[in-house]
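You will see chain A twice below: alongside chain B first, and alongside chain C after that.
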Partner chain A sequence: MAIVRSTEPHAFITGLDFSELPSDILYFTAKDLEENIIEDAIEDQPVLAYDKVRFYGEPIAIVAADSHQKAVSFSQKVKVKYQKLPIVETPKQALEPDAPLLFEKGNLLSEFHHEKGNVTESFEDCDLILEEDFHLPIQDHAYMEPDAAFAWMEGDVLSIYTSTQNVFHDQRMIARALGIPLHNVHVMAATVGGGFGGKDGHTVQIFAALVAYRTGRPAKIVISRREVFIGTYKRHAVDLHLKMGFQKDGTFRALSSTAYLDTGAYAGLGPAVMGLFSEHLGGPYVISNVKIDSYLVYTDKAPAHAMRGFGAPQGAFATESLINRAANILQIDPIEIRMKNALTQGALGTLGQKMEHVVGLREALEVVRDSDLWKEKNTNQDPSIGFGIAAGYLSCGLGKGVPDSAKVEIDREPNGDFTVRVGLVDIGQGNATALAAIAGEALKVPLEKIHLIMADTTQTFDCGSTAGSRSVFIAGNAILAAVRDYFSHPETGRGFAETEFPQSKTDLNVIGFPHAMYTFIAQAVKLKLDPISGQPQLAGIFAATEAGKVINRLSMDGQIQGGIAMSIGYTLGENMNYRNGIPDNQRFTVYILPTAEDIPPIQNVSVELYEATGPYGAKGAAEVATVVIAPAITSAIESIRDLKINRLPLDFEQILDAKEKGSVC
Partner chain B sequence: MDVIRPGSLQDCLRILKTEHTIPIAGGTDLMVNLALNKISPDRIIDITGLQELKEISLSDNFLKIGALVTFSRLAGKEIAQYPCCNALREAAEKMGSPQIRNRATIGGNLVTGSSAGDGSVAILALDAQVELTGLDGIRKVPLSLFYSGYHQTAIHSDELLTAVYIPIRPGTSSFQKVGKRNALAIAVASLAIYSYIRDSHFEQIYIAIGSVAPTPIRAVKTDLFLQGQKITSGVIKEAARIIQDEIAPITDIRGTADYRRKLIANLLADQLQQLSESKN
Partner chain C sequence: MLSCKINGEEIHSEIPSDMRLIDFLREEMNLTGVKEGCSEGECGACTVLFNGDPVNSCIMLAIQAEGAEITTIEGIAKDGKLSDLQQAFIDHGAVQCGFCTPGMILAAQALLDKNPHPAEAEIRHAISGNLCRCTGYQAIVDAILAVSQRK
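Entry: the complex of A and B
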C-alpha cells in the first residue's frame, strides 16, 4: 500500500486523476469510506482529504497493489489538481483579522483563561519583575518504528495488527469510518516500536482496514520515514510571553502568561495539550497570583497532538528560565529558591487545584543538592564549565472529566498459572513487566506463573490509552482489585474488577484538567561550552524523581534516561522548521536527533514516597523526565556566557556570537 | 539493475568500460543516492573482493593506502605510527559512527568528492596523490588537482581509484571538525593542518578546509602567511583573519556563511595554539 499525499500546504482539491493506474492497481478515496472522519475528541479531521488539503503531506488517496514497490511507484502517477490557497504559517498570523482560514469556523480552535488572586496589584508589590518572549519548536516523536498496520478479513470480521497506543480507540475509529459493527472489528497491538503520544490516534489503521475490507485481501502498510516526518502528529510549537514577579526573599509572587499553541491543521488532542500546558505552566510551586491566557490555533502544518510531556515542557522552559535568572539576580541559590516556593501535599497549584496526593518535590531537590554533580559547582574553576538546574512536575491520569478507568480479568489455569487480561498496550516502556510483577506479588506466585494478554479488543477489556502516565497506576490498581475479587471466591478461578483514576476535586468547567496527582522531578546538568563552536558538551546529568514507590528500578531509570535524552534532542537540535508550509527537515540526515555520543552519563535517584492510592505505592513516571532538562541546560549555558536563551533548539552561532551582556538568543 | 562482483582488477576495469556502470565499495554514499533516486545505474560493480585495494604499505617514503581501506582501519594502529598522518587518523575517528566506519572506504570518500568529506579534507592537508587505474594504465594526480567542482573529480568513469600516496615526512598533522552533534555528523566546517616546525618556525605548513566551498580546499594564502613564521598570539590572530578572508562559504541548512567563517577561524586558532603548546 501507498498513500497519495498532498504536495500543497493549503489548497482546494479540484481534481483527482487515476487514469494512469492499470486495472490491477487499486485506489481508494474518501468516497470509499462510510464516514470520512477520524473519531476523536474534536472531529475535524477527515481520514482522506476530499475537498481541501490543510497541510503538506496530508493523505488524499490510498493505492494498493500486490507489492509495496508497485503501490509506491503507481501512487506517484496519481494526479491531484489543486487550487492553491494562501497559507497560515504561525498562530499569530492565523489570528490576524484578514488571515486565510483553514476552517470556516475560524483559525482559533480553543482558548483558556484563568485568573487567581490579583495579578495586576501583586506585580506592583514585586521587588523583581522578569518578562520575556519565548519560542518552542515543533518536535517529531522520532519513534523507531514507522507507523504500520496489517489487516485481513475472516468472514465478516476485520482483524488488524497495528502500531498503536489504544486498540479500543482504533476499533471505534475503524468501525465508524467503514460503517461496520464494532464487534466485527478485532484490533490487536503488535509489539510497538515506540509511540511517545504519536500513536495515540489515527496513524494508518483505517487505511489498512479500508483496503482489507473493500478487497477481502490482506493489506499491509508501512510508511516511510519521510512520511512520518511530513504526515504524522507532532509536539506543539508555542510562542509565549511570560512575566513573573518575585520578592527579594525569593517568593514567587505573580505570574502572567499569554501563549499561542500551534496545533497545525487539525485538532488532534490539541485542546487537552493546551489544558496541560496551562496547568503546568507555573511549575510545581505555590504562586498566589496567576493570570493565564492560552490560545490554540490552526495553521497549515501537520497536526500537533500528544507528545510525551503533553504541553508541560514548553511552559516549563519559560518559567524555569525566569526562575533561574531571578535566583541569579537576587543572589539566592537556585535550589533554595525552589525549596522556598515548592508545592507540598495539600497546597494549591497554579490553577488553584489542590495537591491531593503525595508530593516529593522538596525531597527531590534535597537529593540533587547532595549530589556530587551539584557539589562540584562550588569547586569548579573552569570558566567554560557551567551547571544548571530545573524542577518540574507532570500530572498522572487523563484529567478532570475524562473517563479514566481500567477493567482487568484474572483466570486461574488448570496448572495453577494465572492469565491476566489487560486492555492496555505496552508501548515499549515496560508496563507489561510492571503489571506482571504486581499480579505475581498480589497472587503470591512467581513471575513465570503470570501470563499477560494485553491490547486485544476480543480478549481483553477496554482500559483506555497507554498515555497520560497512567498505565501502571490504573491497570496495576485494577489488577489488585481483580486479585481481591479472586481471593473472595477462589473456587471460581476468576477475578474481575474495574477501577477508576482519582480525579481532582477542582472543577474549572473544562475537560481534561486539572489533575489530582503529579510526579515531581529536579534535574541538574553539568556541561562545557565549546569555545570553538558555541556548542555545549553535556558532561553529566543528575536526576531526582518522585514517582511514588518504584515497581521496577531498571525500567524506571530507563524511563527517566529516555525522557531526558528525548528532551536533550529538543534542546540541541530537533526542529521541524516549516517554511512556506513545507518542513525543512524530512530526513534524519537533517532532523538532528542526539546520538549516544551526545547523551552524557545520567544518574537517576528515585525519592520513593508512598502514594497511598497507587498500586504498591506507585504513581506514573513515563513522561515527567522530558519536562525540564531544557531549561537546566540553558541555565548552565547562561552561567558561562552572559546571555538569555529564549528559544529552542539552541542556535550555536548566536551562543558563539554572544559577546554583549544580556544578549537574547 | 545488475550487481557484478569481478574476481580481478582487470575484469573490473573491463566491465567499467560499459555504459551506466559504477563501482560500489562500502556503499555508504552510493546506497543513499540510490534510495534518493539521485542515480540509476544499469550495473553496479562490487569491488570489495579486490584484495590488492585493501593494503597499507610503506615504500620510498610514501605511505600507500589502498582505496578499499575502511575508516575503522584508518582510525587504528596502522596509521597511528606516522605522526605526519595524525590528521587522517583523527578524521577517521570522528567520521560517521562505528557501523559507517566499518564499511566506508577512503576511496569512496575521495571519489564522492563531498566538500564535507572528513577523509578527503585530512588527506588534502597531507599533500597526497591519488592513483587512478584504467585499462590504459595508471595515472597519479595530486589531490590538490583532483577536485574539479561540486561532487566532481578528475576520475574518468572507466577508472578506479586504486590507492592514495601520502609522503611520510617529519612533522605532525591534526584534524578537527564541527558538526551538529558528536557522531553521525556532517561537518559544518572542518580543518586539517600538516606542519613541520623547525627552530620554532614553520618550515612547512599545509592547511585544508572542508564545507566552505564546493570541494575541499587548501587555504593557500594562509599557508603562505604562516610559512617561516613563529607561532605567537599575534600570528595566530592574523592567520585567523586571513583564512576568513580567503574563503567564501555559503549559508545552508547546517549553518550560515558567517558561522562557517568563524568556525574556520576558531578551528585554525585552536590548532595553532595546540601546536605552539606542544612545541614548548
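Entry: the complex of A and C
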C-alpha cells in the first residue's frame, strides 16, 4: 500500500486523476469511506482529504497493489489538481483580521483564560520584574518504528494489528469510518516501536482497514521515514510572552503570560495540550497572583498533538529561564530560590488547584544539592564549564471530568498459573513489566506464573489510552482490586475490578483539568561550551525524580534517561522548521536526533515517597523527565556567556557571535 | 544467483539484481529481526554484520553479499542460549521498545570482537550510528561496559 499525499500546504482539490493506473492497481478515496472523519474529541480531520488540503503531506488517496514497490511507484502516477490558497504560517499571522482561513469557523480553535489574585497590583509591589518573548519549535516524536498496520478479513470480522497507544480508540475509529459494527472490528496492538504520544490517534490504521475491507484481501501498510516527518503528529510550537515579578527575598509574587500554541491543520489533542500547557506554565511553585491567556491556533502544518510532556516543556522553558535569571540578579542560589517557593502537599498550584497527593519537590532539590555534579559547581575553575538547574512537574492521569478508568480480569488456569487481562498497550516504556510484577506480588506467585494479555479488543476490557503517565497507576490499581476480588471467592478462579483515577477536587469548569496528582523533578546539567563552534558539550546530567514508590528501578531510570535524551534533542537541534508550508527537515540527515555521543552520562535518583492512592505507593513517571532539561542546559550556557537564550533549538553560531552582554539568542 | 553464508548457513538464492540486502533478509529469509527505520543509512536499525563489520543493510544490494558471511540478530543466540550481550541488555534494562535493539547488539558485538575492553567513549562512538529514541543510551552503554569488563 502507498498513500497519495498533498504536495500543497493549502489548496482546494479540483480533480483526482487515476487514469494511469492499470486495472490490477487499486485505489481508494474519501468516497470509499462510509464516514470520512477521524473520531476524536474534536472532529475536524477527514481520513482522506477530499475538497481541500490543509498541510503538506496530507493523505488524499490510497493505492494498493500486490507489492509495496508497485504501490509506491503507481501512487506517484496519480494526478491531483489543486487550486492553491494563501498559507497560514504562524499562529500570530493566523489571527490577523484578513488572514486566510483553514476552516470557515476561523483559525482560532480554542482559548483559555485564568486569573488568580491581583496581577496588576502585585507587579507594582515587586522588587524585580523580568519579561521576555520565548519561542519553542515543532518537535517530531521520531519513534524508531515508522507507523504500520496489517489488516485482514475473516468472514464479517475485520482483524487488524496496529502500532498504537489505544486499541479501543482504533476500533471505534475504524468501525465508524467503514460503517461496520464495533464487534466486527478486532484490534490488537503489535509490539509497538515507540509512541511518545504520536501513536495516540490515527496514523495509518483506517487505511489498512479500508483496503482489507473493500478487497477482502490482507492489507499491509508501512510508511517511510519521510512520511513520518511530513505526515504525522508533532509537538506544538509555542510563542509566548512571559512576565514574572519577584521580591528581594526570592518570593515569586506574580506571573502573567500570553501564549500562542500552533496546533497545525487539525485539532488532534490540541485543546488538552493547551490545557496542560496552561496548568504547568507556572511550574511547581506557589505563586499567588497569576494571569494566563492561551490561544490554540490552526496553521497549514502537520497537526500537533500529544507528545511526551504534553505542553509542559514549552511553558517550563520560559518560566525556569526567568527564575534562573532572577536568582542570578538577586544573588540567591538557584536551588534555594526554588526551595523557598516550592509546592508542598496541601498547597495551591498556579491554577488554584490543591496538591492533594504526595509532593516531593523539596526532597528532589535536596538530592540534587547533595550530588557530586552540583557540588563541583563550587570548586570548578574552568570558565568554559557551566552548571544549570531547573525543576518541574507533570500531572498524572487524564484530568478532571475525563473518563479515566481501567477494568482488569484475572483468571486462574488449571495448572495454577494466572492470566491477567489489561486493555492497555505497552508502547515500549515497560508498563507490562511493572504490571506483571504487581500481579505476581499481589497473587503471591513468581513472575513466570503470570501471563499478561494486553491491548486486544476481544480479549481485554477498554482501559483507555497508554498516555498521561497513567498506565501503571490505573492498571496497577485495577490489578490489585481484581486480586482482592479473586481472594474474596478463590473457588470461582476469577477476579474482576474496575478502578478510577483520582480526580482533583478543584473545579475550574474546564474539561480535562486540573489534575489531582503530579510527579516532580529537579535536574542539573554540567557542560562545556566549545569556544570554536559555540556548541555545548554536555558533560553530565543528574536527575532527582519523585514519582512515588518505584516498582521497577531499571524501568524507572530508563524512563528518566530516555525522557531527558528526547529533550536534549529538543534543545540542541530538533526542529521541523516550516518554510512556505513545507518542512525543511524531512529526513534524519537534517532532522538531527541525539546519538550516544551527544548524550552524556545521566544519573537518576528516585526520591521514594509513598503515594497512598497508588499501586504499592507509585505514581506515573513516563513523561516528567522531558519537562525541564532544556532550561537547565540554557542556564548553564548563560552562566558561561552573558546571554539570554529565549528560543529553541539553540543557534550555535548566534551564541558564538553574540558580542554584547545580555544579547538575546 | 547469490551464494553467501547467513547466520552460519550456506545460502544459494535466485534474486533480482536490484533487491536490497534488507529486503532479501526480511522477505526472502524471514529474518525480521532486521528492522527498517529510515531506509537511507541514518538510523542503524537495519544493522547486520558483514564479514564481522556492522553495515546498514538498507543501503546495500543483496548481490553485494556474494561470498560474504552475514550475521543478523537471529544468529547471535547459540543453541537457544542468549549471548552475553543479549543477556546484559536485559539485565541492564537496555531494551525499551526494542526496535533499535538488534542493530545495537550487532554494532556492540562487532566492537567487542575487535576491542574486548573498550573505554566508554569508544562504546559511545561505536554505537553512534544506531539511533535509539527510548533509552537515552545510558542503559545500553552500561550493558556493553558490563560485558567488556567481565571478560
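The criterion applied here is as follows: the second predicted complex is superposed on the first by the 665 of 665 C-alpha atoms of A that agree within 3 Å, B and C clash if a C-alpha of one lies under 4 Å from a C-alpha of the other, contacts with A are read in each partner's own complex, and residues count from 1 in each chain.
What we mean here is this: a residue touches a chain if its C-beta (ideal position, glycine included) is under 8 Å from a C-beta of that chain, and two chains touch if they have at least 3 such contacts.
Remember, predicted model here, so these are calculated numbers, not experimental data.
Of the two partners chain B and chain C, more chain A residues are in touch with C. Of the two partner chains placed around the shared chain by superposition, chain C is the only one that A:564 touches, whereas chain B remains out of contact.
When both complexes are overlaid on chain A, the residue A:597 reaches chain B and chain C alike. When the shared chain is aligned, no partner comes close enough to touch A:612: not chain B, not chain C. Using the contact criterion defined above for the overlaid structures, shared-chain residue A:653 touches chain B, although it does not reach chain C.
In the superposition on chain A, A:584 makes contact with chain B only, not with chain C. In the overlay built on the shared chain, the residue A:144 is in contact with chain C alone; chain B does not reach it. Residue contacts after overlaying the shared chain place A:533 against chain B, while chain C stays out of touching range.
In the superposition on chain A, A:196 contacts chain C only, with no contact to chain B.
In the three-chain superposition model, chain A touches both chain B and chain C at residues 589, 593, 595-597. Residue ranges of chain B in contact with chain A, taken from their complex: 97, 176, 178, 180-184, 186, 188, 253-256, 258-259, 262-263, 266-267, 270.
Touching chain A in their complex are the following residues of chain C: 35-40, 42-43, 45, 92-93, 96-100, 120, 123-125, 127-141.
Those residues of chain A that touch chain C in the shared complex are 141-146, 191-194, 196, 222, 224-225, 427-430, 554-555, 557-558, 560-566, 587-589, 593, 595-597, 599, 601-602. For chain A in complex with chain B, the touching residues are 531-533, 535, 537, 572-573, 584-585, 589-590, 592-598, 652-653, 656-657.
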